[in-house]
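Two complexes, one shared chain (chain A), two partners (chain B, chain C).
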Partner chain A sequence: MKTLDLTVSPAPHIHCGARITGVAYNFFLALLPTVAFGVYYYGFDAIRVIGASIASAMIAEAVFQYIMKKPITIADGSAAVSGLLLALILPASVPLYLVVVANFVGIIIAKQCFGGLGASPLNPVLVSWAIIRVTNTWAGFLDFDLTLINYDTGFLLQYPLAVLKAEGSAGLAHFSLLDLFLGRQGGGIGASAIIWLLAGGLYLVVRGMIRWEIPCSFLLGVIVVAGIFWLGNSKTYANPMFHILAGNVMIGAFFLSTDNSSAPVNRWGMVVFGFGCGAMTVVLRAWSVYPDGVVFACLLMSLFTPLFDKLRAKQVLPQPVYPITPATISGTVEERSGQ
Partner chain B sequence: MGLRSFFGILPPRVSYRGVSAPVEPVPIPEKIRLLWYKRTPSDLAVQIGKRVETGQDLARDGKGPFVSTVTGRVEDIGEFQGVDAREYLAITIITEQRDSFDPSLEAIEDFSETKPETLRAAVNRAGFTALSPIIRDPRVWPRVDALIISAMDLDPQSVANQQSFRDNTSEIGTAVELLARTTEALKCTLAVPDNLAGIATGVSMGAAAVVMVPPVYPYGLPEILAKKYGAGLLLHPHDTGFSGNTIVVGLDHALSMVHSLQGGKPMLEKTVTFSTGENGGFRNFRVRIGTPVSELLKMASVEPAAGGKLILNGTMRGYACFSDKQPVTATTESLHVQSPSEGFSFQDTQCTNCGKCNQVCPVDLEVNLLGRFSEYGIYDKSRTLGAENCIQCGLCAYVCPARRPLVQYITGAKQAIRSGLEEPVGMAEAMECDACGPSCPAIRLFDMGSDTEDSPKEKE
Partner chain C sequence: MKLLKVFTRGLWNEIPPFRLVLGLCPTLAVTRSAEDGLGMGLAVIFVLACSNMLVSSLRNLIPRQVRIACFVVIIASFVVVVELLSQAFFYPIYQSLGIFIPLIVVNCIILGRAEAFASRNGIIASGLDGLGMGLGFTLSLTVLGSIREILGQGTFFGAEVMWSSFRPFSFMVEAPGAFVTLGILLAIMNAISKSHQS
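Now for the complex of A and B:
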């Protein structure tokens, strides 16, 4: 009798088709308009920063994994996405060595040292950015008003949050909300392309690559807390719509805070996490020395992720199983009929 | 079957297809093989070379009914490895092409006039698996809070129960009456998939309340039906003292019960859905229990591609066959022929913490954590996260972008937890039942560790 050549494997035998690389590809697709926006306004400098950032992130990961004798996983695209996101929140004029150093720090310390994709407690992009921001000699490179002075973009290249910090809401009169929405503001290479970030973010939500709870509650958190500040003192504090359309809020809500490994995965955890990020963003904008607080807010909230993930119903543990004895059976038919 | 839409806001759905596939009878094969779990040849009342009749009890007295489904001559008695990698006692019978029925089976004309104990004894004698694990002594019977007769199939790859519902609407009332009387259930429910609601209107369902169930995958599983529409928990052999006991019986099984009790016949046949390829080719075959899978392939004139899979009991929770000699058992629901290109392979990658598994889990486990703790053997954490509540539906592994074998990790943790419990007793007794294996009616048991389950009898 002919024997069949059969494969034997455990269940399930079908798969929905999702892959890890699919997430990275969709992120690239979603960020493509934003990158185009940055390249259009900042020209070759933007390409330079983006290219260097993606390359150095991937090299950092490959080098580390090679030294640690681990399988090299740069093909899954997660390092490239990190590099791209870092480039998008940096100004176009930033020196390349800074990009490289920041990426090595972010990828190696924040991601690979903790076990790689899915295991990092903080988003490596945020760590990279924060390293530049808190280093005294480098912080100046993130001052958008000074570093972008040589570019001619055809609109007033002023960082609205720096203006808000210096002059209060009175200085914002010349920023119309429409201009902000269309990206006519100073800022990172891609972070100021609000409309395109929104489009890309919605694309990711629709594709299920990021969960809708975090961006929605992030934006809600910004609106609510900024609203409280604004109602309290509208001379010092800007209105909520301004806060949403200026700085890193849009890229933060859709791309930075939704990093899988540093964000909660359960619904109410995500809602609280997102709301906390948004609220903390506005608080930092209002009261800290930094003009924008998105990155620090996300970092801070990421530290609470394990706690937020506990916001769910507990599992009811099954009772220990006992052997069957006559006592566990609820009586014979005769006994029950007598009841 | 599986769907992954462009819109990913909602988790992927594994939907049932409203396919109608008429039931085609399969002729009695030349040879059948009957499987009996955890038994030795000394438990049998027959020897090699003896002639057996259809319905004859092959077991020695007191070893529980083990019913022959054909008339023929016993060719071989030996061990057989089932799809679930367990050793079974197998009896191979060379069949005569006609049946001569064992006279000890009696027909029951009117169920409402018969005592429940008599019905239970008759059901047990006829070899039906749905209740037999619980029937030890027909006079002693646990309280059953809810009975669910399900016109849903366990897996979207099976349409046997749905077809029974389409074909036999007039007999459902009788089936409800029989089961309600046999189980003495306090509440009786008929679970009907939404898409067959049109057929359900105007049909007498007897004493049963009808619930419409969404035709989406885990809703057909007995655990989910018991939780959502029953009294909470599945009744199984050794929890009979707990409240919330629910019995779930497939409609096809229930109707077979009606027919055999009325005709004085044993449980002879089983409707098995045959499907192939991504999009079905659904056919329902009515086969003798014990028919090898190769007969179904011959009937459908399908030859599995090299490196393909023969999957019994559905693609989500089923088993891939080692060979086409695997017989159809009383719990076989479907046979799916999968070509190598439709399959996928698990990968040894780490969790990316995307949380898709948490989103789809029907029992609301934190699969992202559970998978990791179980993978690394931190079983006390697995237990606090509710590993024992896992029903192995397979949805987490179905959606996992990293393609981790999550079901296997969690099942391993369950086994470890079970075997580490202070009182793992009861296993041996639980394993007395014959219905164990691919779809044990008490699913919570069928993955027990092999070390603890050995009954003392067998060690002797």
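Now for the complex of A and C:
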């Protein structure tokens, strides 16, 4: 891989070892229990979708970079993580060509056309999912209740959000919060494994791969706005804990909305971003035609990321310009930034 | 020779929606199918060639200060002709194009060619320019419409062309599909002309 050679100082070169590949490996590690959950309950079909999704995301990236005569960077794992995340929010029965089309559109149009890793204004996973979701002729493939009817998982495979949409909160009596938390609900291959997603997400937060502000404020946004709806009319709208534990909220809070290039970088920007995602999720769940609104909420908020980045941004004082000599360069970062 | 160049310019070098990036409103809105694109293109060819020739023949009479208004009056009269003709003879296309036939009046290409070419050149050259630009526009719209129709509905000019188990990718006939297709075609055209230059 061709990199910019910016190293100008003499030894010692201290590097903590963090690379893009390392981030991707950590994501894989964090998602491993979720994948195991999906494979355990949906069997070979889950392996099929996950494998096809990862492979097509990597192939899409390689093909585009080959055509554009750019260095091929599929080895850094970012495309593979995108593919895996997309597979986890799809039902296990989805046909493979849909997965392939979604990944090609997402990776090429949403990621590579904007400059590749770190430059995309929207998370490619979200774009992939949104495009197949708005394709009316394919809507049946994403209907969890219809497509999961042939699986025997030992628990009631009903998509709680579709029930909520159809019957109001009265139809939710047979979903206990514990069942939802343990993943005993219909949904995507991995998106319903709430407890494992939570574990993986906390692992990533502890390792510093994702910032805690976004997931926390995301969940807070869901609780606050769902709480307002619920206090207003508890017959139609479900309680906040149900909203947290059903559908894509957990995977959205930890894995989808925290995409590095489409989320804000400042603390207050991240807080507002996450809160907005959570709030929009509940609003879309209550009033849109789709049962779940996580993906559309994250896409919408990503578009405002440049604005959120201006919230309470640290003021950068004009730095005195030093003449660049070996003596100034070899100092530590703190010395050079004039602290 | 010069006239030939004027004619062919609209087919590649200055092909309206892709090179000039003008007239995008009908380009994006009425290319749901190849048939709609072709119908829209033919209407534009007629209006563009006729208005170019009339503007060119009147170019010494039109006062400079009110030229845009005069051009619009000329264009509008031809658009009314097209609208009434299509209403009488091609009613299904008239219905599917809808508001976009009257909107040819404000199509940037037509006003642009009147202003940039017809008001400065002779009648024959202007007519050929309008014909060439119109053909280029028709070509682009038909190509765009074909791609979107084949992928989005599985048909081409209304005839089934894909295999029987094909589930159409209806995203392509929605509005965002138009933008995506236009962008990809623009990229391909730029790549081709770049490789010609080097």
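In this text, the second predicted complex is superposed on the first by the 300 of 339 C-alpha atoms of A that agree within 3 Å, B and C clash if a C-alpha of one lies under 4 Å from a C-alpha of the other, contacts with A are read in each partner's own complex, and residues count from 1 in each chain.
As a convention for this text, contacts are C-beta pairs under 8 Å (C-beta built on N, C-alpha and C of every residue); 3 or more make two chains touch, one makes a residue touch a chain.
Because the structure is a prediction, the values reported are computed rather than measured.
Q: Is A:136 touching the first partner chain B, the second partner chain C, both, or neither of them?
A: Only chain C; A:136 stays clear of chain B.
Q: Quick one: is A:211 in contact with chain B, with chain C, with both, or with neither? Answer first, second, both or neither.
A: In the superposition, A:211 contacts chain B only.
Q: Please tell me which partner, chain B or chain C, touches more residues of chain A.
A: Touching more residues of chain A than the other partner does is B.
Q: A:266 contacts which: chain B (first), chain C (second), both, neither?
A: first
Q: Is A:109 contacted by the first partner chain B, the second partner chain C, both or neither?
A: In the superposition, A:109 touches chain C alone.
Q: Where does A:101 make contact in the superposed view: on chain B (first), on chain C (second), on both, or on neither?
A: In the superposed model, A:101 contacts chain C only, not chain B.
Q: First (chain B), second (chain C), both or neither: which does A:234 touch?
A: A:234: touches no partner chain.
Q: Which holds for A:176: it touches chain B only (first), chain C only (second), both, or neither?
A: neither
Q: Flag every residue of chain A that touches chain B in the complex, lowest number first.
A: Its residues touching chain B are 3-20, 22-23, 115-119, 205-209, 211-212, 260-261, 265-266, 309, 312-313, 315-324, 326-330, 332-334, 336.
Q: Touching chain A in the complex: which residues of chain B?
A: It comes out as residues 1-4, 6-12, 116-117, 139-143, 237-242, 304, 306-311, 315-324, 336, 338, 340, 342-346, 349-356, 358, 364-366, 368-369, 383-386, 388-389, 392, 394-395, 397-403, 405, 407-408, 421-423, 425-426, 429-430, 444.
Q: Across the complex, what residues on chain C touch chain A?
A: Checking each residue of chain C against chain A gives 167-171, 174, 176, 180, 183.
Q: List the residues on chain A that touch chain C in their complex, please.
A: Contact set of chain A toward chain C: 101, 105, 109, 113, 131-132, 134-138.
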